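Below: one structure in structure tokens.
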Amino acid sequence: MFTHDLGGGLELRLLEHRHAPELLEAVRANAAQLDRFLNIARELHDLERARQRIQVALDRFAAGHGLEAGIWFEGHLIGTVALHGGGRTRIEVGYWLTEPFQGRGIATRAAAAVTDHAFGGLGLHRVEMRCAVDNVRSRAVPERLGFRLEGILRGSYQVGDRFIDEALYALTADAWVAPSERRL
Amino acid sequence: MFTHDLGGGLELRLLEHRHAPELLEAVRANAAQLDRFLNIARELHDLERARQRIQVALDRFAAGHGLEAGIWFEGHLIGTVALHGGGRTRIEVGYWLTEPFQGRGIATRAAAAVTDHAFGGLGLHRVEMRCAVDNVRSRAVPERLGFRLEGILRGSYQVGDRFIDEALYALTADAWVAPSERRL
Amino acid sequence: MFTHDLGGGLELRLLEHRHAPELLEAVRANAAQLDRFLNIARELHDLERARQRIQVALDRFAAGHGLEAGIWFEGHLIGTVALHGGGRTRIEVGYWLTEPFQGRGIATRAAAAVTDHAFGGLGLHRVEMRCAVDNVRSRAVPERLGFRLEGILRGSYQVGDRFIDEALYALTADAWVAPSERRL
Amino acid sequence: MFTHDLGGGLELRLLEHRHAPELLEAVRANAAQLDRFLNIARELHDLERARQRIQVALDRFAAGHGLEAGIWFEGHLIGTVALHGGGRTRIEVGYWLTEPFQGRGIATRAAAAVTDHAFGGLGLHRVEMRCAVDNVRSRAVPERLGFRLEGILRGSYQVGDRFIDEALYALTADAWVAPSERRL
Amino acid sequence: MFTHDLGGGLELRLLEHRHAPELLEAVRANAAQLDRFLNIARELHDLERARQRIQVALDRFAAGHGLEAGIWFEGHLIGTVALHGGGRTRIEVGYWLTEPFQGRGIATRAAAAVTDHAFGGLGLHRVEMRCAVDNVRSRAVPERLGFRLEGILRGSYQVGDRFIDEALYALTADAWVAPSERRL
Amino acid sequence: MFTHDLGGGLELRLLEHRHAPELLEAVRANAAQLDRFLNIARELHDLERARQRIQVALDRFAAGHGLEAGIWFEGHLIGTVALHGGGRTRIEVGYWLTEPFQGRGIATRAAAAVTDHAFGGLGLHRVEMRCAVDNVRSRAVPERLGFRLEGILRGSYQVGDRFIDEALYALTADAWVAPSERRL
């Protein structure tokens, strides 16, 4: 029942257990494309795994250490955006979208919303994003939001059986300009 | 960052740890009045207890067995509404408001929202409310929402060192008419 | 080795793991009749489930929040009686018997014993019983023990795929007359 | 509410949380005498510790790995008898009595009851007792019950800051003769 | 990466998860001989069980209550030596070797090393060894190290479906002479 | 009892609970210097905290996700080296030394040893080190070991109430040359 309105028919909602079938379906339908840079489609091969992933995110939320929200467009789940990892003063933003919705600025708006929450709501000092170096669309997200490229991490992520390099982007609280008036 | 808009400047948001000071303050400022029918002001006597209560509610939410949302009016926490107890097919609604905001229909709107979520979102069959028999304002909430009075429970609740009787109200899914178009 | 003697060859004993096969057998042999008003025969379909149920009850006992005792007649397990649910000041009594032993007042004597323990041993203020409205034999138990009918709960219990109404009976400590001299 | 009747006004009951004050009182009143061979009076210096000890024993009971029962004489707690330690096939019996009740065969009857339960109820193969070598009264218990002295364990138990030797007694299931007709 | 050098190409290392295949292989290859006096080959019938055993030992080490080290000879795992059981002031030594390495004094050297650690590192007062009475080679270990035979424990250990007697050996800290200069 | 010999009187040993007083003492004596770039002296203000830190490291070791070893020189604890953080395929190396032992290449030898273990023993793909940008001595460690500087992380670490920048160094398994013959 709780939502974060992104405008234009887009909404974020915390993933709950009842969303597991929708999540599984969205991931399955986009497996070929997701498999290039992420492990999510390899890992969510059945409903039980989808529920486990949601439980992990809910536990993280309950502990005050992150969250995973679904991105809904006109009632359909089209991706997720998450805050995870990090520590006492920093956190990492992750996101993915099904193919038809990529390239429209949706991930950027979703990432901006959770970044705003990380700085404003959770009071963190530093927000990071890591993108596969060859994932041009993914890298556009931190770049549009004013994140700074700090380095290329060699072999820092394993996708399937390949090790890929990641571009590390980051922003500190003092450099953040909220895209809209800040909400709690 | 996730909200449920009740209109008229009123919003529901899941209680998180950072809300503990606000919750403690609202409860403390209304202790005399809350103590008549509830234990919340007796129990939340410091920040640590406020955090514990929020943690219990977050754990319940993470387990898919309820929630506790703050009611905010123009940026101030003025009460909470919760789904708790119950079992596989039923759940209970609870709520309280600070005194200046009582008698305006706010609790009714908040209770309607979580009742809607219990039936529509969680798919439960039966929603209950228990009010102290002498708490006229509290009893108005289920009555306005069409709940049926099923019985008076003798000595079923201990407030301080007194045992009080509760009026048990309930509604089943087939009898529920959502006050507005249903939202997930 | 610990028992509560009900007289006439009847004894209560806390269920322990070694009783799982006997419990399973008693439930299986009476499944058709139990299925009318309870879920126990649907749930205990193998030894593993019987052990889980016993473990849940033992954990509740160890936490001081209830118990489940087997009812033995001349060395045979013929049903159980339990204290469960409730909260700081109240608790609920549940019971079932295999068909040949129904209608002889055995459930009433078993329920009286645990009610006595709830008031005298555990110091609770209120004891409840919930019976399916159409389960005449079950409803005779609280009625014989002087419990008061407080209301009919609509659709409050799911048996298989039906929702049934329950009669709620309750008694408070001040109204309880122990059927015999009280034992610790 | 569950008891094991030893006859002559003596009863065993599983220790529950509500017995903590009685247990603490019995131990305190006999501290000087208990301190000679046991640590119980040193460890149970307040109500919190008494509750912890009871919780440990309840958890052991719930796990099916032992128990601790109070010994009551005409409504007064005068000692305890326990099954603890051991493993898949063996377990150890422990006991203590307040001074006025020592030397009357009470510990022997209590130990016989739990030994009977260890062999008959729990199906174990071997039951052990360890007594301080100089504790003549304690050693009389296994000797009267037909346990065999298997050895003297050097420095195997620390009482306060002294290491004392223990006499190890044991019996296997085939050698056990129940002192009375066996009860479950 | 951490080792305890026994000289002559022999090393002790804490068992970690990556050693599970080697452990399983060593146990399997010696099952016929191990089954005479121990349950290890019966219990470690697959990789999952080998990992579980290692996890139990690692948890014990992390809790400061024992350890299990592999014995390596020129890069091959040929047995293990462990500290386990016991309590605040005493602990037990266990060990086994694959057949080709028995009878060379290796178990004695390994047992001496962990005994030294129990007295010197952990500060315990008493170290015990239990050997099947008929296991002549195993009994030679405590005898060479100056442990005293304290008794024969009847039916104290179950191997497969037989109950066997164990010889109990023990030593207290004051009687221990370290076989070499003591190491932390 | 398990050590990793670095030569020249230097040894690594897993930190265990009995090392807590030594660890506390070493940290306290060097607090002024450690406080410049690390939080360890602020956090380890009493024995209880020292034990907690050791427990966290032991739990990590037992889970197969890292370790913390003390660095001993001729029997004195002069610092620690750790593997922590990271994920399925990468891990981070951390270290500190008391002032008199800095500048002698000791941290480099200790870090080389655990890096070797991360690649060879744990089979990880990537090892990272993060050093405060102004901590010249600390940065010399990864540089001497052939790690590559991948970027400067702005405000990524909070020391006291300041946010400092960290230099991120990393190496992948294929680029690692063990400083000596590899040991398990």
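The first chain written gets the first letter, and so on, giving A, B, C, D, E and F; residue counts start at 1 in each chain.
Note that in this section contacts are C-beta pairs under 8 Å (C-beta built on N, C-alpha and C of every residue); 3 or more make two chains touch, one makes a residue touch a chain.
Source: prediction; values computed, not measured.
S.K.: Please report the minimal path length, in steps, between subunit B and subunit F on the chain touch graph.
M.R.: 2
S.K.: Which chains sit in contact with both members of the pair subunit D and subunit F?
M.R.: Neighbours common to subunit D and subunit F are E.
S.K.: If you average the CA atoms of subunit D and of subunit E, how far apart do the two points sit, in angstrom?
M.R.: 32
S.K.: Roughly how many whole angstrom separate the Cα centroids of subunit A and subunit D?
M.R.: 59
S.K.: Counting in whole Å, what is the centre-to-centre distance of subunit C and subunit E, each centre being its mean C-alpha position?
M.R.: Averaging C-alpha atoms per chain gives centres 50 Å apart.
S.K.: Could you list which residues of subunit F touch at least two other chains?
M.R.: none
S.K.: If each chain is a node and each touching pair an edge, is that a line, ring, star, complete or other?
M.R.: Its topology is that of a ring.
S.K.: Circling the ring from subunit E via subunit F, which chains come up in turn?
M.R.: Ring order, starting at subunit E and heading to subunit F first: E, F, A, B, C, D.
S.K.: Give every residue of subunit E touching subunit D within the complex, in rising order.
M.R.: Touch list, subunit E to subunit D: 88-90, 125-126, 148, 150-158, 163, 168, 170, 172.
S.K.: Which of the residues in subunit B come into contact with subunit A in the complex?
M.R.: Residue list for subunit B touching subunit A: 1-4, 12-14, 16-18, 55, 58-59, 61-64, 69, 72, 75, 113-114, 116-117, 121-123, 183-184.
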